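Below are the structure tokens for one structure; questions will follow.
Each chain gets a letter, A, B, C, D and E, in the order it is written, and its residues are counted from 1.
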Amino acid sequence: MAHVELHAELTADEPTLVEGLPGAGLVGKIAADHLVETFDMEWVGSCFCDGLPKVAVYRPDDTTTMPPVRLYEDADRDLLVLQSDVPVSPSQASAFTECLVGWLEREAVFPLFLSGLPEEKSDVPGVYGIATGGAADRLAATDVTPPREAGLISGPTGALVHEAGARDLAAVALIAETEARFPDPEAARAVLVDGIAPLAGIEVETDALVERAEEIREARQRLAKQMEEAGDESTEATPIRGFQ
Amino acid sequence: MAHVELHAELTADEPTLVEGLPGAGLVGKIAADHLVETFDMEWVGSCFCDGLPKVAVYRPDDTTTMPPVRLYEDADRDLLVLQSDVPVSPSQASAFTECLVGWLEREAVFPLFLSGLPEEKSDVPGVYGIATGGAADRLAATDVTPPREAGLISGPTGALVHEAGARDLAAVALIAETEARFPDPEAARAVLVDGIAPLAGIEVETDALVERAEEIREARQRLAKQMEEAGDESTEATPIRGFQ
Amino acid sequence: MAHVELHAELTADEPTLVEGLPGAGLVGKIAADHLVETFDMEWVGSCFCDGLPKVAVYRPDDTTTMPPVRLYEDADRDLLVLQSDVPVSPSQASAFTECLVGWLEREAVFPLFLSGLPEEKSDVPGVYGIATGGAADRLAATDVTPPREAGLISGPTGALVHEAGARDLAAVALIAETEARFPDPEAARAVLVDGIAPLAGIEVETDALVERAEEIREARQRLAKQMEEAGDESTEATPIRGFQ
Amino acid sequence: MAHVELHAELTADEPTLVEGLPGAGLVGKIAADHLVETFDMEWVGSCFCDGLPKVAVYRPDDTTTMPPVRLYEDADRDLLVLQSDVPVSPSQASAFTECLVGWLEREAVFPLFLSGLPEEKSDVPGVYGIATGGAADRLAATDVTPPREAGLISGPTGALVHEAGARDLAAVALIAETEARFPDPEAARAVLVDGIAPLAGIEVETDALVERAEEIREARQRLAKQMEEAGDESTEATPIRGFQ
Amino acid sequence: MAHVELHAELTADEPTLVEGLPGAGLVGKIAADHLVETFDMEWVGSCFCDGLPKVAVYRPDDTTTMPPVRLYEDADRDLLVLQSDVPVSPSQASAFTECLVGWLEREAVFPLFLSGLPEEKSDVPGVYGIATGGAADRLAATDVTPPREAGLISGPTGALVHEAGARDLAAVALIAETEARFPDPEAARAVLVDGIAPLAGIEVETDALVERAEEIREARQRLAKQMEEAGDESTEATPIRGFQ
């Protein structure tokens, strides 16, 4: 019964998917939500995978009932977004991971996974990229650089990247320096401009993310707090310092 | 072995079911109990679903033994009520959810799910509605408005609505502003008058709910406390504030 | 492998079984133990059901090793007693319940389940009865009255009564007002005289229970403490106060 | 995969097995270790049963790696010992119990199970015996007396005795009064001299146990502490005081 | 799906594997990492076994994504190393153990398992060896001595040695005296020089381990802290003091 369900056939051609699960700094969620809103993307499918919370989501002034983890499409831009209104429990991530990555593989979707890297930040948050399944070429064609330090991505997104690697699925994981404890719209902006835009071949206006940064922080505080309480287990990139 | 068991064939025609599991403000339970009492509804079936507490329930001056989650029918009004004397553990809700929603689907029952939305309340509690499986039309034919803010329904009722959505079953979820920590007969009255009555096509006297509000609060305090202890996990609607 | 095992064929004719699992006030255990002792009943079988503690029980001046939950028979009185030296974990009760009630059904045994109802007690503890599977007639033929208030029986005995109801097995549950925190020989006496004697068609001397009340309390204090620590989860009847 | 594995065929004839799992006072372990050492018994097999800790054990000045629960044989004395270097978790005892008792049954081994009974001790610790599967005769042929009080054996050894009873396997459980919180070489001596020697038909020197009592206590303090932390769940005999 | 996966056929001939899971003093991890770095070993395979954390690992200045537990080969030296960037949960070790040891058996690999023995250390940490499956000969051909005291190896490495013993697989476990609470490069050096070098037939420069000891300690502090928090459950050798 666990599956990704589409309302209709995808019309996007070899689409790129931006994964937006909540993690450190809510980097992925803020970036993914911004794409859905800015491009007025269409809700085309839902994840009915084991391990996802069974809750009913609704939007203002709309009687539509939605599951919490959904797929949105912009067919013209060959773009998909995975939007989530809930954190995914890392202990439940395994079933979700097989469900989603299996679907990506069957549909020949190119996923961009997003993770925050909690850091003392300088002016502009750094964005780094790693690849699986031969997607290093795609990464090399952009200005995204490899990580400067060794590290690991944990949490649900770490499990997704691990699964992509295990299946040799072409995928990229973007790692953005972020504040750990607060929603970080600047980090989301950096990952959109420096990573998602060139890899997905899109242009996206991000001024609103900076102008409305304070508003976004407040709006997302509750979700960020849930993430923080989950502690080490939510998605984040962690440096592995020292020789190897 | 897990199933909904009827004592006899239902005689109601395309009945509407009012779900009365205990949740925030006990809104659903108070409303459902009021219907059973006011219409002197007949006990016609029981839920023997995995995940429900195995306890034996009895009524005053009656030697009948009943399971804790039961179905009542008013055949003339084409009305069913799901009455529960116990909270349903959210961690156990999954099995119950498949058991009940599967039965609703097979019997072509139209369910009204009920959830409280803990809020600073103004004079009259607001009642909002969302729909699954094409029931938006039914909702549009009433004065029930969509939610004013984004949000999500969690707990056992959230799982029921999620399952109805996943199966594309026609259903409505009514969300009533409520006090979070105390039984709230006024919120139950609002959901009965504004939502259940027009959607189920019934008329129901609710003065007693207001007159006897204090008595009801006291009577239900114990169950409400159990709910409160279950914390975030019991059924409630939660606003998702901010842009999406 | 889970089963009720008899050493020999039962010779009792359509026997009545008195269930003596430890619960609130140890009402059932004290009553059951009293019957086994007074009638010098014969150990005829044992419960090897999943969910029962795997411990080895022994008696003074006897090298016989027994399992902790056993069946005793008085063939002349057509009487069976279920005696237990250990509490049954409510979370494990489900497997035991199916095992025991399935056996009762196959053997056409008429069970009397016993539960305490923690109460401020007046002079003589009240004893109330509820029935499943058409046993209301048997109850009506006695002076046992229905409960005065709504309520529910929880714990292992609640699960047994629930299972009897689900299988439509003729059974009676006797509910005796009891002290909650201490072994209550008076409540056990009331349930023996007012409920078990007329329903099982036996006469039983109970003076010893009153004369030796203090001794019994002390002897059972340890088991009662285990019960109390199990808290709400051990068997007890709980009033459901208020309108329904 | 779970099984008892022998390095070679047993040469003992209808052997008696002394069970030496750690429990109250470490009575069984001290007695079993003493037999292995005194008779220079040969390691002939190992328990690879589910529920046993997967650790690697070694001895001084020896590169041999052993599993933690092992069988030793003295073929001339028709004696087997079950030696354990680790406590067995009671919650995991069920799988181990079926694995070991099934093997005892198939191999026609006569087991002596050992349990401490925490008590205010007088001069010489009392040793009591109970039997399963018709072994009461063997017990009656010795000076071991039945217990003076009712009681129950819990923990892994209680589960072994329970399983022997359920399978009607001839077995004896010896219960020795012991200090609860400290290793008790005197209790082990009493069980060796009064119980194991006559039942296994052997003679065993035990002076060393008394002379080296202090040394033994210290050596075993760590294991005893693990046992104590496991609390009520480790093997011990518990009196059931009062009428039954 | 759980398996060890190689990128290519192994070219090493009857290779020796050095196991480098994090444990007491990080002895095994520091030694294994040193071999991978010093010999510039090639990443040839990965462990996709149940029970291993699903995280994505990356290296500085490299876009390659790796799973956390990997195999490295030096074909000329007939050497394999098992490198891990994460601790393995002991409660999850069972599945990993069967997965890895099964692979070692099929590929005829000779494993060297590494464990720290927390001790007050004298000048040079002692290194002791135990063997399974007939590998005692290989051990005897070196200067590695058997342990001076009885003891047991627990944690994931203890489970690996136990499994090797249960399958009668030729293997050696090296036990090095170590500091318990801090990364101990000296203990790693001792195990490399005294144990791994002669057993694997290699020569390895270890001066860097001593010169850079402070740097290594700091780099590994975080992982060591995770190990310490896991407490008794992480891999370590524990003395069993006293007679047996």
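Note that contacts are C-beta pairs under 8 Å (C-beta built on N, C-alpha and C of every residue); 3 or more make two chains touch, one makes a residue touch a chain.
Since the model is a prediction, treat every value here as computed from it, not as a measurement.
Q: Starting at subunit A, what is the smallest number of hops through touching chains needed to reach subunit D?
A: When the steps are counted carefully, the minimum from subunit A to subunit D is 2.
Q: Keeping to the contact definition above, tell me which chains border both subunit C and subunit E.
A: D
Q: Using only the C-alpha atoms, find the rotation that maps subunit D onto subunit E and quote its angle between 0 and 180 degrees, to the nearest 5.
A: 70
Q: Report the inter-centroid distance (CA atoms only) between subunit A and subunit E in whole Å.
A: The computed centroid separation for subunit A versus subunit E comes out at 36 Å.
Q: If you average the CA atoms of subunit A and of subunit C, how far apart do the two points sit, in angstrom?
A: The separation of the two C-alpha centroids amounts to 58 Å.
Q: What are the residues of subunit A that contact at least two other chains?
A: Expected reply: no residues.
Q: Per the contact definition, I'd like the list of subunit A residues that touch subunit B in the complex.
A: Touching subunit B: residues 33, 36-37, 46, 48, 53-68, 83, 85-86, 212, 215-216, 218-220, 222 of subunit A.
Q: State the interface residues of subunit B toward subunit A in the complex, per the touch definition above.
A: Within the complex, subunit B contacts subunit A at residues 93-94, 97, 129-132, 136, 139-140, 146-154, 158-159, 161-166, 173, 240-244.
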